[in-house]
Amino acid sequence: MIIGLHEAAFEPWPLLAEATQAMDTVEREACGAADVFVGTMRAGAGSARVVRLQLEHYPGMTERMLTRIAADTRSRWPIRQLVLVHRVGEVLPGETLIVAAAWSAHRDAAFAACRHLVEAVKHQAPFWKREFRADGTAAWVAANTPARI
Amino acid sequence: MITVRFFAGLREQLGRDTLELPATDTCVREVWARATDGAPMPTHLLAAVNLEYADFDASVADGDEVAFFPPVTGGAA
Amino acid sequence: MIIGLHEAAFEPWPLLAEATQAMDTVEREACGAADVFVGTMRAGAGSARVVRLQLEHYPGMTERMLTRIAADTRSRWPIRQLVLVHRVGEVLPGETLIVAAAWSAHRDAAFAACRHLVEAVKHQAPFWKREFRADGTAAWVAANTPARI
Amino acid sequence: MITVRFFAGLREQLGRDTLELPATDTCVREVWARATDGAPMPTHLLAAVNLEYADFDASVADGDEVAFFPPVTGGAA
């Protein structure tokens, strides 16, 4: 299980290769499916183009919530391996914000567990995004939906 | 002592990051009132006690850390 | 767009890195989400343990169907990049059978498109699996569900 | 000529891979009957004409390739 925060830009694919290699042969051959989600920073266009994001979080609570979300996911689906990594700090367009992945015997569990990881982080983990725009303005991103706790 | 923390837009609005209140047995709502000099609670305000989400009626005691923050906006588009 | 058949074992992650790098900066910064599915060969256990798979296909029709499935997916969701690669030939436990991936502005489209790719290949593309078991027997895999054409 | 192809378990059951039939305007069902000496069609049999899925009533002409195969089983677990 790979859970954590990255303070610098990182590539998702080597992390996923690492998670695959971390399984022993029996575990790996018991898996028939992995679903992986990679969220990246969108830039937008024009004067509202976002040139930079600041990703604030609540150190201590964040790690606790990511660990709980992973454990909850494992209790709901038969998961053999799991990745849940989130970026913090200053982020540039195209950089990875989140990697969530679940390995399972069958595709239904892998898809459902991966989707659950992504939604749970979005609604429960204490991260806040502040956008810095091309026109020099900055604003905290408004939540699309009230947090589900 | 009770440690009070504010995050993100809320930290900027209030112009404060962390403060300490004298210890008394109290609740989250009362901590907010004391830490903000009675400011009204924003809509969708969230709170945590000792790194766990908490109701505004949750009790708070000496040594606790109480955090207030706006709805979270991490993750993907 | 990366669509194709692999006759030898391959790793999914470098292929996904390649697909990401193949997008120009504007495309990459327009994407906020990628969903990736990796299907691998399960071995099972005991005398029914599968030691090897033979993946037969219908050359010509297979490529045509994969291309059509990709085009259909792009017509249904706003997809910026897509990967659809399937293994053929002799496959060993743990090896990759299929990689399906979709990049989009938002996560709903990426998840839905990726899932569609996986289901469409399973039900429409002319592949057939034959299992060779530890006890020396071999059998063609029965379809779980009638093909949806 | 009409080329007829069989795949996977069906190829093994019939003991044949490819065969050619003299060209006549016909349909998929009739091609099956001629290619298998009148064997009954298996349940869930699938057919393709010129690399496209086809109904058993689809017409077949000179130069066409007709394939018969069992339900497909590619993709993931």
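The first chain written gets the first letter, and so on, giving A, B, C and D; residue counts start at 1 in each chain.
In this text, contacts are C-beta pairs under 8 Å (C-beta built on N, C-alpha and C of every residue); 3 or more make two chains touch, one makes a residue touch a chain.
Source: prediction; values computed, not measured.
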Pair joined by more contacting C-beta pairs (A-B or B-C): A-B
Centroid distance [mean C-alpha coordinates] between chain C and chain A, Å: 23
Inter-centroid spacing, chain C versus chain B (mean Cα positions, whole Å): 48
For chain B paired with chain D, centre-to-centre distance based on mean C-alpha positions, whole Å: 71
Where chain B touches two or more other chains, by residue: 76-77
Multi-chain contact residues (two or more partners), chain C: 32-33, 37, 39-40, 42, 105, 107, 118
Contact graph of the chains (line, ring, star, complete, other): other
Contact pairs between chains, per stated definition: A-B, A-C, A-D, B-C, C-D
Chain C partner contacts - residues on chain D that touch it in the complex: 5, 7-9, 12, 44, 46, 48, 51-53, 67, 69-77
Residue numbers on chain B that touch chain C, as the complex places them: 76-77
Chain A residues touching chain D - in the complex, by the definition given at the top: 32-33, 105-107
Touching residues (chain side chain C, partner chain D) in the complex: 37, 39-40, 42, 55-58, 60-61, 64, 86, 97-98, 118, 121-130, 140-143, 146-147, 149
Residues of chain C defined as touching chain A within the complex: 11, 13-14, 16-17, 20, 25, 28-43, 93-94, 105, 107, 110-111, 114-115, 118
